[in-house]
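Lettered A, B, C and D in written order, each chain numbered from 1.
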Amino acid sequence: MFFASDNAGPAHPAVMQALIDANAGFAMPYGKDEIMAQLTQTLRDIFEAPEAAIYLVATGTAANSLALATLCQPFQTIMCSPVAHIHEDECNAPEFYSSGAKLTLVGTGDKISAEALRRAYLAEETRGVHGPQRGPVSITQVTERGQIYSLQELADLTAVAREFGQKAHLDGARFANALVALGCSPADMTWRAGIDVVSFGGTKNGCPGVEAVIFFNPEKAWEFELRRKRGAHLFSKHRYLSAQMAAYLADDLWLNSARKANANCARLLQGLKTVPGFHATPEPQANMIFAHMPRAAHKRLHDAGAVYYLLEGDCHSGPADTPLPCRLVCDWSISPEQIDQFIAIAKG
Amino acid sequence: MFFASDNAGPAHPAVMQALIDANAGFAMPYGKDEIMAQLTQTLRDIFEAPEAAIYLVATGTAANSLALATLCQPFQTIMCSPVAHIHEDECNAPEFYSSGAKLTLVGTGDKISAEALRRAYLAEETRGVHGPQRGPVSITQVTERGQIYSLQELADLTAVAREFGQKAHLDGARFANALVALGCSPADMTWRAGIDVVSFGGTKNGCPGVEAVIFFNPEKAWEFELRRKRGAHLFSKHRYLSAQMAAYLADDLWLNSARKANANCARLLQGLKTVPGFHATPEPQANMIFAHMPRAAHKRLHDAGAVYYLLEGDCHSGPADTPLPCRLVCDWSISPEQIDQFIAIAKG
Amino acid sequence: MFFASDNAGPAHPAVMQALIDANAGFAMPYGKDEIMAQLTQTLRDIFEAPEAAIYLVATGTAANSLALATLCQPFQTIMCSPVAHIHEDECNAPEFYSSGAKLTLVGTGDKISAEALRRAYLAEETRGVHGPQRGPVSITQVTERGQIYSLQELADLTAVAREFGQKAHLDGARFANALVALGCSPADMTWRAGIDVVSFGGTKNGCPGVEAVIFFNPEKAWEFELRRKRGAHLFSKHRYLSAQMAAYLADDLWLNSARKANANCARLLQGLKTVPGFHATPEPQANMIFAHMPRAAHKRLHDAGAVYYLLEGDCHSGPADTPLPCRLVCDWSISPEQIDQFIAIAKG
Amino acid sequence: MFFASDNAGPAHPAVMQALIDANAGFAMPYGKDEIMAQLTQTLRDIFEAPEAAIYLVATGTAANSLALATLCQPFQTIMCSPVAHIHEDECNAPEFYSSGAKLTLVGTGDKISAEALRRAYLAEETRGVHGPQRGPVSITQVTERGQIYSLQELADLTAVAREFGQKAHLDGARFANALVALGCSPADMTWRAGIDVVSFGGTKNGCPGVEAVIFFNPEKAWEFELRRKRGAHLFSKHRYLSAQMAAYLADDLWLNSARKANANCARLLQGLKTVPGFHATPEPQANMIFAHMPRAAHKRLHDAGAVYYLLEGDCHSGPADTPLPCRLVCDWSISPEQIDQFIAIAKG
């Protein structure tokens, strides 16, 4: 019963098989492999973006940091949520890759609103050279708290960025989970909503480790390539990145895995709602649940070996009915039986 | 007939199988997987270094840049060969990771001598704050021109560095090829020869993409971990790095593959020496040949589909007997038949 | 009537005379001038810190950025007020000099409390390498809103930093104004209160452009010297920095100028309190007033040529009695007549 | 008898007087002072460059590093002489300001030739992303060895840079000395010869500390302003920089001082040529002499208190007639009597 993160699950067997298949003979290194050439076309088709420049890296932090460094000057500030992965979980990688740009935290919650973004932009430099200059906005979809921006919300945010002459980046580590939840097309959730660059995640949805960075306008493509190499993120044996991503996109594997993860989450949520004292806040929209449960339920789960993040407190000492907050993430690979077992133990 | 580089060959089937085997169920992310725990012990045993701090990254450039940034301050200069990979082939990654340290090119050739290194150190800052301060030395073993430092040469170089209070880094992208050529132990070629940190390559010798960074003194281990994360080189699904390296080390695979590559190179060299006008300079010592061959031989090979680097000139136009320089690299996976075919075509 | 800033006033004639006096003949460059040798001793005496390492730079941003970069690693975060100069007014210089460290904004106001600082430290990395690591605290004395930390408040803040193994920096661009307001010794306001490094300002209190950086523990002195040179802040004709600072400290000029500036501010405050609708918030403690006045008063002042920052709104259009916020800074050089004239016009 | 450097002499009295004159009343800070406005026009007139963007900083290293960082991307390499100040004497400041660009050393001597520059450009990246990308050239006029590029040599060098799509920077720490030696106009020695940006020195020719950075094409002016602020090189009390530079340019002071320095050097050279065993190599062209003199002559000079750089050896021990190398720099402020005294002592 592993609900700690979707970065700890296995890769999909079809992706692993693709690695085996890609392993025959020699292949041109550094992104010149044939699989990459085909994959570029596939992603352009999926995104309805025939001009898009597309690159692969192995980690989400690399995708985000390199994308933002390409959009941003070192004297600017990047607008993001106070709980954004780029702020809280990347050990200053965006600051490193951007040569010292700042991150401005917009609002106080998880999702950022167009109004808060406008306020944040307005609060930045109106006095010339003194403060950090306005820079791009980075939007996380699915958010770090499991929420999803509607297409309208995305369009409103990117409109604010454009109003200030800035670009919009989408951190799509869980892109597929958001996409199937919204039921829209990849183009709808990105460039049609004003997104300029996407970190398109594969790792959290069934790949060993691959993320695509997609520039809808290829103007800065060459700069990105140089930044990737300089950041030590260009693989010599690149085919093993290409093969992962190609298998991920083949036969709707990416969409089906995301649907499975989201369905797992819905099943878990429905079951847990029957646990006395369980409250999920906010309402989960993809494959993550943030919730409170009584200490006793946590204790039973931990004693049974369930793995997930207890965000505060100790499940082993204190009043049995004190609600303690937790995070539960459903990987695509979790079985209904594991979910049902988890629910049953939580119920006690 | 692919002799362009050992970064374009397939991974060894045993390594690929290890990836499949590692793919069952959940594994703790970010280097906390069980394979890594075992692997750390294995590498400590292999290097006779029970205290060593050991980390995995996916590219050689990451290994080198992160290791050097950990050894070096931004106001220092790193001593290296004028043809070092860190200088010529990493698009300023060492400068990036070190926040702007300089690279001082020692001597004018491929290998650096203790004497030239001492001169280079002496030439650096004796005037206080004005020039770059002395920093670590980085030694490439196998060198970029296919040469191997003897254990004495390594010891002499690191002694010079220590004399100036500096550390020594070994870029071991082809560590195994050098080791089997020297016939010594890993400890002999590293810490016993005064090396402080090694980039221990797997990618060029049969892995999809994995390199270990080994600190014999673990003092800066935590700093390295933070630099790796900040550099976006910490894999969430880290087990797929661990599994590669574990399989690479199991059953002497790494040594056997290196022996195979070196033997391939020796067979190729022996055959090519019968080609009129062929001259290898310097004498190959591992799995790389730098040589001149008459244009006509190059033309025959290219027409036959052989892939390798012609370093200057055009094999299709000009006098047939003009010697043109080339680089030939033997991957472990090349068969004797391919080598013999290459030789036969070269002979004409 | 210039109340916009103390960075726009003239230098004290004694400081200018010192520049003239220093101009005779040759002087050793790069900080080796004799004035600097004497000045170092003077500052050590003033601060009762016989071991202190002391350096001069020409701008407050250089003093702050270089000091913090010396205290901080690039994977850390610096704790500061949301309105700190290092956050709002230095165009990412601290991020630049620290190679990409983050700034964590502590609390929501001007002064930071020990409690808020502890919360901020606790909120940072408890999860290993993922988030930014805890770094030094930077405290601004006088604050950006004209407030002064008591000695107890300083001691409490630095105790929290030490509790987390971190150093404390004091941004003393208006050091003298705070010192005379508190009536304590320089040692009391710095190392006795747990401060490790001070940016000791001269520019805002009667110098053309000079700031001292004082390390009470000289352990990192050499690193600072290298960072200063690398940052292009080491003057070749350093005597002109030394001479300013030496004159500033001679005959209590620095203290007398600060007393004059603070007295100017008190006189201005007392007078403005008689202006209907005037409210100063918070209560001014040094030489800066943040206040509201009715639009009509602002209009009269602007029409009369008074120069100061109207923080919001337009004094020329809108209801006459609407309170509009402003900042008034008293330079040491302002005369009582100018102050009284300003008050008279404000009254109407 | 001080011949160690032109960075240790006094400022010209007229420049000091200008500081006093500038000290009256309030002046707008951060470069908005009226002196700067006039000065900008003056420099545009002097350079016949009505569109030029012009900025002041206090050190030559700041001028060079900020100018180059504005011309250069972090994945590029800057072409310069192996003895360039930016390489040997700035403690990695260009690497710092450019966020980690490399410096490629062109040729092996002092001046760089167009041919060597072309070879250096050709040797750089022709293989895609692997090596550093071609970047701007930085030319030092007067060179670090006291030589002067002819207008034709400058034009040839900048033509090579343009051929590769790169910009040309002139490090003019001794701009005036070169200009009066060549007897040409500032426009001739800069933009008419293809120079894009100049570091226009004041400090070594009679100012306390001021350098102008002049962009003939103002396209990147705003970026430069942000980089200057972020580098902590924007003075709040900027008028004291403006006043220095304005006085330096008034009444041909800059040209007359340079003529004086060069004439001092010529007088010194002529006299020393009568010293047995004196050899100047190369022939001095501005205000610096690199020469060999017998040890005995050095000993006499040092015993008499003369200050200059002995580049190798010890003047107090060894054979009296051994030639030892030295550097002699003539400041504008040195008197003929001091020079003649130096010569007399050298002669013995």
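The working rule: a residue touches a chain if its C-beta (ideal position, glycine included) is under 8 Å from a C-beta of that chain, and two chains touch if they have at least 3 such contacts.
All figures in this text were calculated on a predicted structure; none of them were measured in a lab.
The chain with its Cα centre farthest from the Cα centre of chain D is A. When the C-beta pairs in contact are tallied for A-D and for C-D, the bigger tally goes to C-D. If you average the Cα atoms of chain A and of chain D, the two centres end up 51 Å apart. Each chain gets one centre point, the mean of its Cα atoms, and the points for chain A and chain C are 42 Å apart. Centres computed as Cα averages put chain C at a distance of 34 Å from chain D. Within chain B, the positions touching two or more other chains are listed as 74-75, 90-92, 96, 99-100, 129-130, 133, 226, 229-230, 234. Interface residues of chain B, counted against chain D in their complex, comprise 74-77, 88-92, 95-96, 98-103, 105, 129-133.
Partner chain B is touched in their complex by these residues of chain C: 30, 73-75, 99-100, 128-130, 133, 223, 225-230, 234.
Those residues of chain C that touch chain D in the complex are listed here as 2, 4-5, 7-11, 13, 16, 19-20, 23-29, 57-62, 65-66, 90-93, 96-97, 203-204, 208-209, 226, 229-237, 240, 307, 331.
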